[in-house]
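Each in structure tokens, the structures are laid out below.
The following pair of complexes shares a single chain, chain A, combined with chain B in the former and chain C in the latter.
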Partner chain A sequence: MAFAWKASGLTYNKYLSVAARVVRRSLKDDKRLAAERRGEMELRFAKWTNGKQGDMKSVADANAAAAVESASSS
Partner chain B sequence: MLSRAARPALRAGAVSSARPVAPNAATFATLREIEDRLKSIRNIEKITNTMKIVASTKLTRAQRAMTESRKYGQTSNTVFENAETKAMEGEDKKTLIVVASSDKGLCGGIHSGLSKCVRRMLANDPKADLVILGEKCKAQLGRSNGKNIVLNFAGVGKDIPTFSDAQAVADQISMLPTDYGSIKIVYNKFINATAYEATPIEAFSEEAIANSPNFSAFEIDDEVLANLREYALSNSLFWALAEGHACEQSARRNAMDNASKNAGDMITKYQILFNRTRQAVITGELVEIITGAAASEE
Partner chain C sequence: MNSLRIARTALRARPAAIRAPLQRRGYAEAVSDKIKLSLALPHQSVYKSQDVVQVNIPAESGEMGVLANHVPSIEQLKPGLVEVIEESGGSKQFFLSGGFAIVQPNSELSINAVEGFPLEDFSADAVRSQISEAQKIVGGSGSEQDIAEAKIELEVLESLQAALK
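What follows is the complex of A and B.
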């Protein structure tokens, strides 16, 4: 069983969040505003090597970059 | 009688005020000092009180989010319970510890409780890697166990954690180069409004799920297994984040409640001290006036 989204480099979680976003956007305006707040994500992260903290990066950007990378490699 | 007696003394006092009034000035200064401190303590009380009210309104929302998120975690755990999944033991597989704290302080010992629990776990398993959500535990564990940290996330705990938060974190964790035998998520378990406890929950690796004794009860293809693992990880993370958030709010409410009470105690103490000092200054002045009057009558 091969999934189209897997071939394009998405993880299952990414696939779910895209699907959830589509559902939220198709709601009526009043409900949509409340629902879209539940989809917000503003995390930043940093990689640590040898006890030193690296640069802070936005998680959303990094996830998107990783998706592109795994899509081109597979 | 006093007023008549006091008048010449007043004149005498006016003359004497030309001389330096060092001892008198000192008592007035302390009165002023006490007044200033009283004022600042009152301001602090106002601030802590407001923070308490904000925390208690946030707490009800956080608690609601927590009970909802518990369903996510427990439902996804039912699968593993029925399959009798167990964590991979021993071997050379590494363990990953995910610490669910937050960015904000001023809420008692909630973050240091987590840090202590993680340090205990690290003492048993010094090779384990750490992923830290939130700045507070990063600061604490970064000092003592900086070498174990592989990732840290900031921006956690501003508001009620969303499922997208958990998903993004789970994605980053599954992208880590090392293949972990088991993932433990350490979070503050909400017992009641005043008690919480740092507890680990397990998120299993693919092998652990595939090796579980009752695995055949479910029809799971190998390809779907990876999806299940990712999804289960983000479910558990969401649960841990939401419950940790509720604990933090209730801890903050309690901390601010105590702070307001302490400020109230200090206010009454300083109020009494202030009144006494003022009384002492007045009495001192009266004594001076009377002795002055008595001296000038002779």
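What follows is the complex of A and C.
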């Protein structure tokens, strides 16, 4: 099976998260506020070089940047 | 005299032998005609191995209805409506954002999805406004990734809008 999202370089994980996000946004207001909190990710990481911690980056932002890079290179 | 007695017991034994297969046929009725449904989301389990009559699922390979004793299979789900027909005869509708349905050999059905809500929890206005927003992005000159994401959103929203009607 050929999927449109696959052709544009997205992973199945990304596809699911986009689909879930839009489902959450379509809820009635009271349910939406509770549900949208589940979509947030605050995971951070830092690269350590020579025993020193580099700057903290958000995993979500870094993933998005990597996806754009891989899409443009392919 | 002796041979006559044997013949008589044989005559008496026969009706029991005829009745036996009939009793064995009745055994099949003891097997449940219900399917055990588990509908699980990461944050909640909606059904936990509950007996239901039928489940209609939107698989990538087409809409399918799952009854008891279904052939074991694994199906990827499209974002769409899952309909559960319960023992009492009533049916419940859930909109799932996409995931997998696994039919196990012993009449068990496991459905996993990221998000799923009863159909009445959705707002038609929110869907309509998001469709026009996503269409703008698809037709616009954003990055390839933005357009791809908007196309996914559009697919989900159109399925949701069709379900809400």
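Rule of thumb we're sticking to: the second predicted complex is superposed on the first by the 65 of 74 C-alpha atoms of A that agree within 3 Å, B and C clash if a C-alpha of one lies under 4 Å from a C-alpha of the other, contacts with A are read in each partner's own complex, and residues count from 1 in each chain.
The working rule: a contact is a pair of C-beta atoms (placed from the backbone, for glycine too) under 8 Å apart; a residue touches a chain by one contact, two chains touch by 3 or more.
These numbers were taken from a predicted model, which means no experiment stands behind them.
On the superposed chain A, the positions of chain B and chain C stay apart, so the two partners fit side by side.
Of the two partner chains placed by the overlay, only chain B lies in contact with A:11; chain C stays clear of it. When the shared chain is aligned, chain C comes close enough to touch A:19, but chain B does not. For the three-chain arrangement built by superposition, the Cα-centre angle with chain A at its corner and chain B and chain C at its ends equals 90°, in steps of 10. In the superposition on chain A, A:63 makes contact with chain B only, while chain C stays out of contact range.
With both structures placed on the common chain, the touch criterion links A:46 to chain B but leaves chain C unconnected. Once the two complexes are overlaid on the shared chain, A:31 sits against chain C while remaining clear of chain B. Our summary of the superposed model lists a minimum C-alpha distance of 5 Å between chain B and chain C. On chain A, the patch touched by chain B and the patch touched by chain C overlap at residues 1, 16-17, 20, 38.
Those residues of chain B that touch chain A in the shared complex are 142, 146-147, 149-156, 158, 162-165, 167-172, 174-175, 221, 223-224, 226-227, 230-231, 234.
Touching chain A in their complex are the following residues of chain C: 42-43, 60, 79, 95, 97-99, 114-117, 121-123, 126-127, 130, 143-145, 147-149, 151-153, 156-157, 160.
Touching chain C in their complex are the following residues of chain A: 1, 4-5, 8-10, 15-20, 22-29, 31-32, 35, 38, 64, 67-68, 71-72.
In the complex of the two chains, the chain A residues touching chain B come out as 1-3, 6, 11-14, 16-17, 20, 38-48, 50-53, 56, 59-60, 62-63, 66.
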